[in-house]
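Take this structure, written in structure tokens, and hold onto it; I'll ask about it next.
We just call them A, B, C, D, E and F in the order they show up, numbering each chain from 1.
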Amino acid sequence: MLIGVPKEIKNNEYRIGMTPAGVRELTRRGHQVLVESKGGHGIGFDDEHYAQAGAEIVAAADEIFERAEMIVKVKEPQPNECRMLSEGQILFTYLHLAPDPEQTKLLVESGCTAIAYETVTDSFGGLPLLAPMSEVAGRMSIQAGAYCLERPNGGNGTLLGGVPGVAPGNVVVIGGGVVGVNAARMAMGMGADVVVMDNSPPQTGGTG
Amino acid sequence: MLIGVPKEIKNNEYRIGMTPAGVRELTRRGHQVLVESKGGHGIGFDDEHYAQAGAEIVAAADEIFERAEMIVKVKEPQPNECRMLSEGQILFTYLHLAPDPEQTKLLVESGCTAIAYETVTDSFGGLPLLAPMSEVAGRMSIQAGAYCLERPNGGNGTLLGGVPGVAPGNVVVIGGGVVGVNAARMAMGMGADVVVMDNSPPQTGGTG
Amino acid sequence: MLIGVPKEIKNNEYRIGMTPAGVRELTRRGHQVLVESKGGHGIGFDDEHYAQAGAEIVAAADEIFERAEMIVKVKEPQPNECRMLSEGQILFTYLHLAPDPEQTKLLVESGCTAIAYETVTDSFGGLPLLAPMSEVAGRMSIQAGAYCLERPNGGNGTLLGGVPGVAPGNVVVIGGGVVGVNAARMAMGMGADVVVMDNSPPQTGGTG
Amino acid sequence: MLIGVPKEIKNNEYRIGMTPAGVRELTRRGHQVLVESKGGHGIGFDDEHYAQAGAEIVAAADEIFERAEMIVKVKEPQPNECRMLSEGQILFTYLHLAPDPEQTKLLVESGCTAIAYETVTDSFGGLPLLAPMSEVAGRMSIQAGAYCLERPNGGNGTLLGGVPGVAPGNVVVIGGGVVGVNAARMAMGMGADVVVMDNSPPQTGGTG
Amino acid sequence: MLIGVPKEIKNNEYRIGMTPAGVRELTRRGHQVLVESKGGHGIGFDDEHYAQAGAEIVAAADEIFERAEMIVKVKEPQPNECRMLSEGQILFTYLHLAPDPEQTKLLVESGCTAIAYETVTDSFGGLPLLAPMSEVAGRMSIQAGAYCLERPNGGNGTLLGGVPGVAPGNVVVIGGGVVGVNAARMAMGMGADVVVMDNSPPQTGGTG
Amino acid sequence: MLIGVPKEIKNNEYRIGMTPAGVRELTRRGHQVLVESKGGHGIGFDDEHYAQAGAEIVAAADEIFERAEMIVKVKEPQPNECRMLSEGQILFTYLHLAPDPEQTKLLVESGCTAIAYETVTDSFGGLPLLAPMSEVAGRMSIQAGAYCLERPNGGNGTLLGGVPGVAPGNVVVIGGGVVGVNAARMAMGMGADVVVMDNSPPQTGGTG
């Protein structure tokens, strides 16, 4: 299959849909991969890294959208990306359509087959492409919260982990899914007092 | 059923297919068990232990192969054991046929029904008869590795767990299955720096 | 639905079938809830708490049994409660019928539909209404055991957790289900030497 | 030296001032030890155990007080024990004189040299004979508290360690000495929420 | 003694030299405490809290410097504070004179007795007034570092704790004193790979 | 000072008295260091590494013993090394004289000043040059023990850490000093059941 990886154009998005290691896996299996020039700069990969892995470096996104049978991205397509998609083409990326009727409409009009990462399920009912993002989100949430509690950043001056003689901060985690468990683990690691609230606490061991 | 447990004859194999506790479980349920004399010496059980558990002690393997409806062993049958198997007899042991066409051919010729421990699956898709061996293998691998790192044994003198001021050894575990997780746990327990590589890391908590 | 919550009348039972939070959840969804006056005293809730949550406070149990479509309790109905149940009424409580033919006969005669908490299963085959009781039972068992080991309470004077120079007590947990795992965790937390016996030890990691 | 170990006579005191192992240590070093008959029954030792360790078994306490140069006990001497002490004799036991002017007066009158276990200091300023009692006291305090929180024992029904969905009990430990640290450790092991209050929190690492 | 607590005037300093609890300890022991109005606002205490604890609220700093025998502050005195100090007056605060010859000169000229918090030693050679600041500094350093590693804040996008499949960040702590140990503990709690470098690693147990 | 580091000649001794980092520390402070050629091969350092650190490479040990004011080694001097020592020269190495009257006699005859690493004490009474060796010894002891328990190595086939369903090995550590604590830690890390015996257990927290 001819797979295209354009540079991400959404604001503050430094990632890219495929690493050179991913390119190598695909080209070894007989696929062709087009990567937009400078697409990997934000994560520290040059065109040369992609070329060595077997990718064809392409100067501009429109050529990729023109030629590729499948487009692999990170973020939902921006309006002008949507307009480059064509009938029968596959789009594989995070979509998060629910709050975004504009994107939904443009994707429908494009006639492409769009597969949202966040809806891919594995054989255990898990969401293997969403979970890593949830892990990152859960862990970063505590880091961000600790920062926001600092006085110069507008917080009340609580040190999340406390020190002997000064109580640590309290963290309430609502929902014990992937995000919540990762947030709780990070908060406990920093020494905070943590409560996880979930309407269905897992049994603590064995069978009933 | 009439069940036979011959002494293991493969080199360096000290185990036996059934402990006296296993014999007792079976005889209590109405089965008959034949155990070869001295078969349990390697794990510290005498003929008397087996006899007290309800087994009939038999002097030689050929009588067991002659009489038993099912043969319970540890290791794959050696060529002269294969030749004692007969049509309709059940063989229950580790087989590991893949690299062993000679054994495969002899088993087919014997007409027996051979059930390999390593292929028995439980209702969750696990391999309950293989897993304990994998646990042992994973734990021993680190013990063996630590030994091999010692200078007098040909290693470079790294102490796996290090000491304050001297960095510990690095352990890379390829594959996070039963073997890998047990190896990683042992290596971390000894203080090594451990990385587990697996192409499908489990989610760290809850559901997506 | 019209749901009734009578005061528990079994000896030493201080609990009640529903907290004010439970009442609120139901009344918000359009149900009506009758609560017997003083029913929540044992867990620290007054009639006023229940009224504020939307319950109608009823002076006596017989009115509740008379009017409600479903009776929510904690303990199995006592004989005079059984006699107040009527055809078509739903009874939702712990029943534990196996050792209690008298109760079984009275329930059958009442014509009610009795649903035992301890038999409700979730989609993973767990017992979500039994498990919390098992967790409590497992944790309390160790607390009770530690108390019983004290000399003035008839024990041999063993301090379950020991102290440096005096060995801790040994705890054998038979069965590694919810009760057993909670008991083991508590015993280990107190510093005891713990062995869990189960005929099917879980694999210690990953897949086979 | 001739050392005497009378049976403890204080109410609810099951211990004895010396185990057979202690007797053996002393007799091997050339001392003589007198033990009152049945003195070790409360901790599971017969006269025979003491005799085998080299002790002379003596029928009654008065003979021990009459003959021994040093009396080794557990609890402070009761009034009639005080009256058996004589000038120049050494008494080695817990005394806790502060709240007990009666005992103080009797000891002074006896003319004996009384050494209180609780005042013996080691070279680091610690109290090696008091510390083990403090360890026991700290650990038992939580065990006792957990029992007292149970509803049938007059408590409010809090399970010290909680269960998922029900918050654990709060434990406040006043003073972070031997008693407090042992209490805190036990409470944390049982899953309680623990706060230790001390007017001089130790630094959490290294030097300033 | 007549003790004065002026409002801190250094930039970004929200603390104050004494909490109401500290005022209460002193006034109960017969001292008098003057607190500058609004001095505790930055840590959430009103004049009323201080008044209730026994302090006299004073409108302006110059009256406090005029009347008090001892001035208790947080930060080193600013130049115009130095000029209000007088011969014989005690100043108790953090000074950190080494890099600040201007302050040193002004303090000498004032004739006051200045005691630097950071130089007070306890009987074990520790620095009990410096250590808590070091604990805070060590813990905050990791929080600050994690923030600075985030891409939008100019970092390279490393998540300090990593996630499964992505290696955590490496933290090198130079010096294993109070700051270093607290930093290391926080970094390990967040899941980072931590190395502590110190020229004198503590022995890992017991005596040599 | 002129410091000499000869190659170790005792059987199975691969170490050397100084690493290149040590040489650099000394030469930067104005000392001169002589290192015997190939002396660092056993720990992976070439003559070039030492030369770059500022050492003078010397072809043979006798020149080093001839010229150096202080000899730095690892192991006690062998008889022919002793004979090369001269009056007034300093020898700094592990000596372990107690069981070695021959060495003692030769050192006395040499007239050198021999300082044994194992007797150097720090200001807390610890043995900073002995402790690291004790740490290594304690950790290796368990590694060695685990190896010796394996059946092919003459053991009884116990896997030190056990597996679920098979009890781990028991480890008794006699003495809770540096060696013992390190051994215990390693054994616990491997999953063994560990008992440490010491005649003076440390108090478990705080002050008496």
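The criterion applied here is as follows: contacts are C-beta pairs under 8 Å (C-beta built on N, C-alpha and C of every residue); 3 or more make two chains touch, one makes a residue touch a chain.
No experiment lies behind these values; they were computed from the predicted model shown.
The greatest centre-to-centre distance from chain A, using averaged C-alpha positions, is reached by D. Relative to chain C, the chain whose mean Cα position lies farthest away is F.
Per-chain CA centroids place chain A at a distance of 52 Å from chain F. Work out the mean CA point of chain C and of chain D, and you get 41 Å between them.
Counting partner chains per residue, chain A has residues 135, 163-165, 182, 185, 203-204 touching two or more of them.
Residues 12, 14, 43-44, 132, 135-136, 139-140, 143, 146-147, 150-152, 156-157, 159-161, 163-165, 182, 185-186, 188-191 of chain C touch chain D in their complex.
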